[in-house]
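Chain nomenclature is as follows: A, B and C, assigned in order of appearance, with residue numbering initiated at 1 for each chain independently.
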């Protein structure tokens, strides 16, 4: 028994060490960001041995990071809200109502999975330009509203709700919208939260599209801003790592706070129940 | 001329007064690619301008230097989302004409700015104009590569003269001698420059090519005649140094600067725009040695140094109001007249009155390397040349690999000739 | 309420409900899809009209050396990532799922965290760690190869290292899916097998592997499609170099459209990627179904 116990502890230890190695890049970014530039070049060990916040001060005062946060938060929230609402409504119709073209629409949504979205960027860029939306929030948002997985997952969950509950509300004189928002949505808050998290993360982390459609520094999102606007000259490793960590901080903190939900969200969105 | 400026000043003053109560303000969108030391100086200039001009507000964006900047410009101008004013490399002017992104600068425009073409070095005006002589941009500076050196380390050696300048470097062998000595004395990468490709490698290659009197382009032909051999020799020199460990392998731009400030290199060949970086860290006492900069020594047949110019340009935009355009021109005029501060970033102003001033004459290290202006070798004037051009692709894909031994110099130069020629035919 | 009445009401509700999605889908997805197909037969610039050139863009592709390099690099990258990431994720999932309670949560956090990072943060950190002159991992590389290697500048190292970075970044997602799959396997099966005296090895091959196969297949499929869409990491880490050894199809599409102003040709390139992904995913779907039957 004690031998088994000891083995368990040793096993846990090994896994945690592996985990620590896995996360080393983040640790190293932190250590670098807290050193002075000259010491970084002098190459002094891998221990966190200096707490110099000047790189953070320099980055916060010299970059438009706050603006990029705002753009990222704003566009990601709007994308998430719209994607969920329109996806939920469409899924409800697909799941509960019969109308001509229902099957065709569903197949179209499923088939759209196969289209690599970046292959459409040239056409979407032209479209945004025709609509005069290049370098605007809507330019960033609109093409990212296509998230077929939301429709499919919602439909699966709506399908699973017993018909009797639906009939009861209908007999009480409720319409389809009442049904959706008073019955189907409340029954699926869990999945809604999960889909919201997944949609938000992918919108927040999208690089390629905002990189194409944004032209001015003031409109950049976090992932684009930190790569497009930087000091190209001179040694700035501490500042670069400070910038990277500041850019990552919201998602890291968000993940640590809502860990369980995020984990669940990933599993549900891939159709695997945890 | 003076008369005009006076009139203009009066008009501007009047406009300011009239505009005062309503605070009508023209917002000018400014794009540049200036990071690091010269970026700091440019930001200071912009701030000063904004403070002095309540009626004009510059909002500045700094984008990534090189191809990313010019890609953004091209795309943004095409969809009518470009800036109102931007910095532009004159080496890229032929490509800009090809892309149609620039709005011509008329005589009236110059008048609004309070400038005249005769205020500028002629070479820069030529570089900023079309073949027909239409002005497309207003030159701001001439910048070149220089040799930064660790004076403390070289003190007392045969390569430093009584004034503390570099000396006894008149052949490739001399340079190799210095670098070998440095290697033996603890400098792991004696001569640092951006050896990974990009601008740094192009500047080295082109400087060596032109020191042999070689030309990239003659009558529409790439590396014609013995220019081919000269290109091979330029690559060979760099490849030999690399093989002997005298220059760093695949150093990125930042790393090349870091190697020099981290005392792993004794020499550093880079643009004058790094002057403020070393100036600032010497002042902050974090460098740990005495540095200085000289003209790149003549190692081959004739003196030559790669050079380019920054200029101000107005993107093509039919919707631009006259009011904004006037504000942009006011900015350009003001910048030219304050270009002494820009000279502090190492550059040689293109605006002659600044260069002729007594303050400029005492500015160091500018005054020491001012001689290079006579030996400046500008990029060939062609749509295949300039920052972010096909030549830069060839540098990344052929010259840098050859320097690192993945290709022979002959192969690299040959393929470069073929590739670039096919773009011209 | 008559049935006809009810039907009409249902139809009206359905139209109202699907309208927002259908409109967005049509304007920002179907129309661009049509547009890319149409553009690929023209010589249009990025912004502006072009002329119909028939199959000219496609015939030009056939003689475009860079295009084949890019296509090959895409496939090479798939080889470098898809199976390795699945194997690594499986190993991690198997060990982490052996832990209990808090320990498991902690281990999972460590392995999943990179997945939530923006790609540019990931590439900034890794370029710094692998920096040729000052990178913290260079001593490690030196220990193996005898000398430091500028990995994103070396034609042999560049794709494998981009793959390493990509695996580090995206692996957490696969770990999660596989852990979910493992949790769905009933512990009774293992107990029964243990009673029968099966070795851990036998238990893995007879219980875990077959029952986990649907999830493993899902991971493989998702990874395959994801990795074919490679752009961000290449653009940010190596920019396609050295001498195009890491150029991929989407890089070339970007370059043609946005740097060289060839909207038509870029669309033709996008079409090929589109076709490759459709073909590969259909093929893989078939293969995996066969694998599942065994």
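One rule holds for everything that comes next: a residue touches a chain if its C-beta (ideal position, glycine included) is under 8 Å from a C-beta of that chain, and two chains touch if they have at least 3 such contacts.
Which protein is which chain? UniProt says A = L-arabinose transport system permease protein AraQ; B = Glycerol-3-phosphate transporter periplasmic binding protein; C = L-arabinose transport system permease protein AraP.
Just so it is clear, the model here is predicted, and its values are computed rather than measured.
**Q** Does A-C or A-B have more contacting C-beta pairs?
**A** Counting C-beta pairs in contact, A-C comes out ahead.
**Q** With chain centres set to the mean of the C-alpha atoms, which chain is at the far end from subunit A?
**A** Chain B.
**Q** What's the distance between the Cα centroids of subunit A and subunit B, rounded to whole Å?
**A** Taking the average C-alpha coordinate of subunit A and of subunit B, the gap between them is 40 Å.
**Q** Averaged over CA atoms, how far is the centre of subunit A from the centre of subunit C? Could you give it in whole Å?
**A** Those two chain centres are 16 Å apart.
**Q** Quick check on subunit A: which residues sit in contact with 2+ other chains?
**A** 41, 129, 212, 227, 237 - these are the residues of subunit A that touch more than one other chain.
**Q** Could you list which residues of subunit B touch at least two other chains?
**A** Within subunit B, the residues that touch at least two other chains are 75, 78-79, 258.
**Q** What are the residues of subunit C that contact at least two other chains?
**A** Correct list: 46-47, 131, 134, 258.
**Q** Considering the complex alone, what residue numbers of subunit C touch subunit B?
**A** 45-48, 131-134, 148, 150, 153-155, 241-244, 258-259, 261
**Q** In the complex of these two chains, what residues of subunit B are touching subunit C?
**A** 67, 71, 74-75, 78-79, 99, 189, 196-197, 248-252, 255, 258-259, 264, 396-398, 400-401, 404, 406
**Q** Taking the complex as given, what residues does subunit A use to touch subunit C?
**A** Residues 11-12, 15-16, 18-20, 22-23, 25-26, 28-29, 32, 40-41, 43, 46, 82, 85-87, 89-90, 92-94, 97-99, 102, 105, 108-109, 112, 114-127, 129, 142-143, 145-146, 151, 175-177, 180, 201, 204-205, 207-208, 212, 222-224, 226-227, 237, 240-241, 243-245, 247-248, 251-252, 254-256, 259, 262-263, 266-267, 270-274.
**Q** What residues on subunit C touch subunit A, complex-wise?
**A** Spelled out, the residues of subunit C in touch with subunit A are 9-11, 13-18, 20-22, 24-25, 27-29, 31-33, 35-36, 39, 46-47, 92, 95-96, 98-99, 103, 105-114, 116-121, 123-126, 128-129, 131, 134, 136, 168, 173, 176-177, 179-181, 183-184, 215, 218, 222, 225, 228-229, 231-232, 236, 250, 253-254, 257-258, 263, 266-267, 270-271, 273-274, 277-278, 281.
**Q** In their complex, what parts of subunit B are in touch with subunit A?
**A** 29, 31, 33, 35-39, 59, 61-65, 68, 72, 75-76, 78-83, 253-254, 257-258, 261-262, 273-274, 277, 286
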